[in-house]
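Encoded as structure tokens, the structure appears first; notes follow it.
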Amino acid sequence: MKIKKGIPLIDQHDKNFMYGGKFGGNFIPETLKKPIDDLTKLFHKLRNDKGFLKERDYYFENYVGAPTPFIKLDNLTKHLKGAQIYAKVVSEANGGAHKIYNATVHCLLARRSGKKFVIGDTGAGYAGKMLSMAAKKFGLKCKIFMGAKDIKRQQPNVKAIKKNGAEVVPVYSGSQTLVDAVSECMRYWVANCNHAHMAVGSTVGPSIFVRICGWSTSQISRELKSQIIDEFGSMPKKIKLYNCVGGGSSSFGFWNEFMDYNRKQVEFIGVEAGGPTKSKKHAAPLTYGSKIGILHGAAQYVNQNSDGQIEETESISAGLDYPGVSPLHCFLKDVKRARYTAASDEDALEAYKLVTKYENLKPSLEPSHAFSVAIKEARKLSKDTIVIVNSCGDAHKDKDILEKRLGKKYAKFN
Amino acid sequence: MKIKKGIPLIDQHDKNFMYGGKFGGNFIPETLKKPIDDLTKLFHKLRNDKGFLKERDYYFENYVGAPTPFIKLDNLTKHLKGAQIYAKVVSEANGGAHKIYNATVHCLLARRSGKKFVIGDTGAGYAGKMLSMAAKKFGLKCKIFMGAKDIKRQQPNVKAIKKNGAEVVPVYSGSQTLVDAVSECMRYWVANCNHAHMAVGSTVGPSIFVRICGWSTSQISRELKSQIIDEFGSMPKKIKLYNCVGGGSSSFGFWNEFMDYNRKQVEFIGVEAGGPTKSKKHAAPLTYGSKIGILHGAAQYVNQNSDGQIEETESISAGLDYPGVSPLHCFLKDVKRARYTAASDEDALEAYKLVTKYENLKPSLEPSHAFSVAIKEARKLSKDTIVIVNSCGDAHKDKDILEKRLGKKYAKFN
Amino acid sequence: MPNLINLAFKKVKQENRPALLTYTVAGDNSKKKSLEILKSISNYADILELGMPHNALVADGNQIQTSAYRAIKNGIKLKDIFQIVKNFKKSKKQKPIILMGYYNMVYQFGENNFLNICKKVGVDGLILVDLPWPENKNFSYKCKNKGITFVQLLSPTTSVKRIKKILKDSHEMIYYISMLSTTGGKLKISPKAIMNSYNRIKRLCPKKNIVIGFGITDKSINKFKGANGVVIGSQLCKTLTKSIKARQNPVTKLSSIVKKLKGKII
Amino acid sequence: MPNLINLAFKKVKQENRPALLTYTVAGDNSKKKSLEILKSISNYADILELGMPHNALVADGNQIQTSAYRAIKNGIKLKDIFQIVKNFKKSKKQKPIILMGYYNMVYQFGENNFLNICKKVGVDGLILVDLPWPENKNFSYKCKNKGITFVQLLSPTTSVKRIKKILKDSHEMIYYISMLSTTGGKLKISPKAIMNSYNRIKRLCPKKNIVIGFGITDKSINKFKGANGVVIGSQLCKTLTKSIKARQNPVTKLSSIVKKLKGKII
């Protein structure tokens, strides 16, 4: 099992759409074979169509707002006295997170396919917010599936979805979080695939959704690469790219363009959600050695019991609170191109405190997980090491949690 | 670069005694070529000599006290509600740590070589204590080199060395810790190699010392393997072996017999010393991506600046406070057979508190680093996972530090 | 050993009626009860589908989800499901049982392991909702070798070209999904339109036994008499849920509704 | 370009005396001072060894350790060392300079990189204390290609068989370590015994220039007149340390002791 150079990672699957013969695939009900097949053909055609690429680039620039800023965190660097710390402030994208790339592309695809109705899942609420935004922009009807627990804890995003005119369907089954929202969305699609276009909110689900999402978020690393060269004149000798990993769309997009660099030059560090320190539960299948299983149509490392039942997760961060993880990341783990570790709820909160103390930046709880590990490691690294964190979400959506856990002082937004 | 099955790892070097073509070797002054060559020949002969092996086994059993206990930590397991936690209580060996294996073998070798005088380095003081003990037993003169800072913080062991009739030579150069003690010991050997036998206290230094030490401490995993089979009837499906890593002798010995198992069945986790959370300094070259360099005669990952000067380390644990690490571990890291991470000073102290609260076991600060990571991960693992920590040292030597950092309550020993 | 599923179809053909297939969830609402249910409804049903409950099911509607979650909550495990089949077969040796579920449970258990135990306890057929063609080729082949019928699914979205390929690799029983829906949805199209599509497929392989399922209840079952078999699932799960709420005995409730269903097709 | 080291030996042979080699540490006690020292002692010394200070040195005694730590503390870097050589050569083009140090500094800098810059700034030879034969074969070959003399070391522990192998691969200058000691130790054996061993080696390769070092001071230097060269190191480092303590100018102090040493061998 090896990464091939010069070929996009999303295309390194076999004829069954499996990566490394083990991850991904299409484990789906027969009914979905055809709509997935149609979408696959459409995507394949459009990604090789100059007109479509122009359209994508146009909307990334004028609607999403590319490129998002790449900034040095001077005070934090000074405070930690280790590596040079930078942030790619993806949360400056329209809507406040990286989920806008995938959402925009899906709406463009839906439009080309002639469908007038898009559906999608959401955890932190960003995927839903962005899909509803883009749907509104492109004149599509929209329905968002969201776990009841997430609806409670991510109210600002829920309000935004509704304001965009989309319907929010609360999901009460299971743990009432992202995993159930995705299941419910897929079920809805099974029954409505003839007129609805489905968007999966991350690099998970049946193969085509993994690929569309990874292709869309890769915009982040395309921008970053030229920003790095602008900043340093050439590629520095030692770069470390830290990113939180829920389904894996933000991290994959943050890394993709750097895939062919030697891992000693550009290292990828994925940070999963370790959950509360004192709890057995977590959302970190790559870190805690979960076994391979099938979830939402794809083989992946997933938290499950010996009977194959999916286990409940627990994380302060709704966006990371998912028992599985992208097949792309499973592959990156097994070929050891990326390193995965976890930060606990408490770690993320501490990191949030430190970042906001030193910098004019308010990362949401998801990227706060990445900051936690970056901060811990940066202290020990030499000053010629470049640490870059993807600040892929804004804390405004987390204000209730921040207020409850850290006090009013940390929950002021204007 | 790959591990070959069925061949002891210590023998998987090339003709220049390098592992994977990159680690180890003999970067030594010309003067030492001959004594090292003599020792290499002697060791090669004796490790294939049944009489010598019998002698070794006799002393391991009757002098060191093999096998050391393998116990279940029931209360800790219940408290953490995750994996099953066990300890291999190597600190029950004569002298209180794994360093006795290497010390005993070196004294047996010195005796066979006809030398009446042994010298050695020490950090935590155990390597020195054990060498002086074994020297006394076998009627050899003994001199121990120890950093002035370590002499201060590990008084119980310093007293033991002196009580065994050995001379303690304080080293005032550099950081006044283990790295300087090893340098000074090697310098002394350069000037006295015709009558002194040198023992290096861990799996570091010129190649022959790496091999002798690894060969000696492997006794730990030989015992453990049959103890595991006694306990479980057969090899469990998921075992995780946690061990602190300074030079790497304890961890290597703890893992060696399990080398050929698939890493998914028997995982090795090495825990380096991360130093104080707020300090830039650390003793974790494998964790924080140090570059390859030459230290004490061997190529290895080592903390250094861009000019090749060795960097000062900082750790609460004298035994882990070393800027380099065994070539064997560098190799295990690069072929990814083992995973390495770090625990901070504070992490180790917390783990010490938790272990002593729940169990009748007082691991020294070195294994407390390993416990820290084991505890954090065990919480998240399923109950069919077997976590085993090598409790390779006893906290008595750390009583001053424990009292100062945690209060009198944690520094009672009887 | 004769193939009990084929025998069942042979028998109903002689009686000039479709086979009645029931779907209930193993362990719902307890191990003991689900065994009793199987025993009692087998007096009327020709083939018994037994659901292996899973908690990330992507093709089942509300009724079956409720049953599955209830069974899992009550502690049902794969090994209990095998026990249920084994105990059932002790008294009803000739009645065919088909296990139906999601691939992950088989995957975790190990395909070979799973099939060996199926064989041992007397499972006659298998339906894996999320292991479509061609992903299922290898597993289907293993089933064949064990004499276990692997039941492929066809859907209104399946193209003729694909249908032909699936039929070529299929065993003697096939499951046609009546409409675009999860299980338990309302019939969105007329039984007549469904039977039209059914007959189009039937013509492609007149010798295989094709059953129809999804959305069929006692209200519509008589419209599907022309099929080789009819599956009733969600209605049974719903009946069970209701009987629990009303503190009635689910065994008698299910038994009587299956009896009623049977009455409509003879 | 002629080989300045060989030229130096040719010259002293004509004068019928050994070459005087000095060893001082670059950057001790500052960049500027160490350059001045080199310039002034080069009036008497034939070949200048310039130490690249390292902080994990395993073959050097107290005096040189002290100098090395002092230089590192004062911020000396490899690039400063090259600068010193370059500046020295501006005024003393013909005086050969040998850099001496530990392999890790070369390794970190990159062997090729290191040699290129050596060539550019005018380094004539290299001694790497911890890169013995055969580990040094490849690097020694690279030096040869650049016209830089790679100086191998021989020790009292080196067997005759090994000596022959080393000589075969050696360039025209060789360094014989007088006794089992780090640098700066007291002479543990008589100069006569040392010269006996020396001559035994000399007979194996009469054409190469073999210098003696370790433990030699102004007290004993005259006993080594029969060698091709004599190295004085620790005594110079010690003198520098003393002059700092006494707040005297190290340049004049070192200059005068080297002058004195030279006086003893002519």
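Residue numbering begins at 1 within each chain, and the chains themselves are lettered A, B, C and D in the order written.
Here is the rule we go by: a contact is a pair of C-beta atoms (placed from the backbone, for glycine too) under 8 Å apart; a residue touches a chain by one contact, two chains touch by 3 or more.
None of the values given here were measured: they were computed from a predicted structure.
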**Request:** If every step must land on a chain the current one touches, say how few steps get you from chain B to chain C.
**Result:** 2
**Message:** Apart from chain A, how do the chains cluster through contacts, with nothing moved?
**Reply:** B, D | C
**Prompt:** How far is the middle of chain A from the middle of chain B, if each middle is the mean of its Cα atoms, in Å?
**Reply:** 41
**Request:** Could you give the separation in Å between the centres of chain A and chain C, each centre being the mean of its C-alpha atoms?
**Result:** 38
**Request:** Report the inter-chain centroid distance for chain A and chain D in whole angstrom, where each centroid is the mean of the CA atoms.
**Result:** 60
**Request:** Calculate how many whole Å lie between the centre of chain C and the centre of chain D, each centre taken as the average of the chain's C-alpha atoms.
**Result:** 89
**Request:** Could you list the positions in chain A whose residues touch two or more of the other chains?
**Result:** 306
**Message:** By the document's touch definition, which label belongs to this structure's chain graph: line, ring, star, complete, or other?
**Reply:** line
**Message:** Which pairs of chains touch each other in this structure?
**Reply:** A-B, A-C, B-D
**Message:** Using the touch definition from the top, list the residues of chain A that touch chain B in their complex.
**Reply:** 80-82, 238, 264, 267, 274-275, 277-282, 284, 287-289, 305-306, 336, 341-342, 376-377, 379-382, 384-385
**Fill in**
Within their complex, chain C touches chain A through residues 54-61, 65, 69, 72, 77-78, 102-109, 129-135, 152-159, 162, 177, 180-182, 185
**Prompt:** Given the complex with chain D, which residues does chain B contribute to the contact?
**Reply:** 16, 25-35, 173-174, 179, 183, 186-187, 190-194, 291-297, 299, 304, 306-310
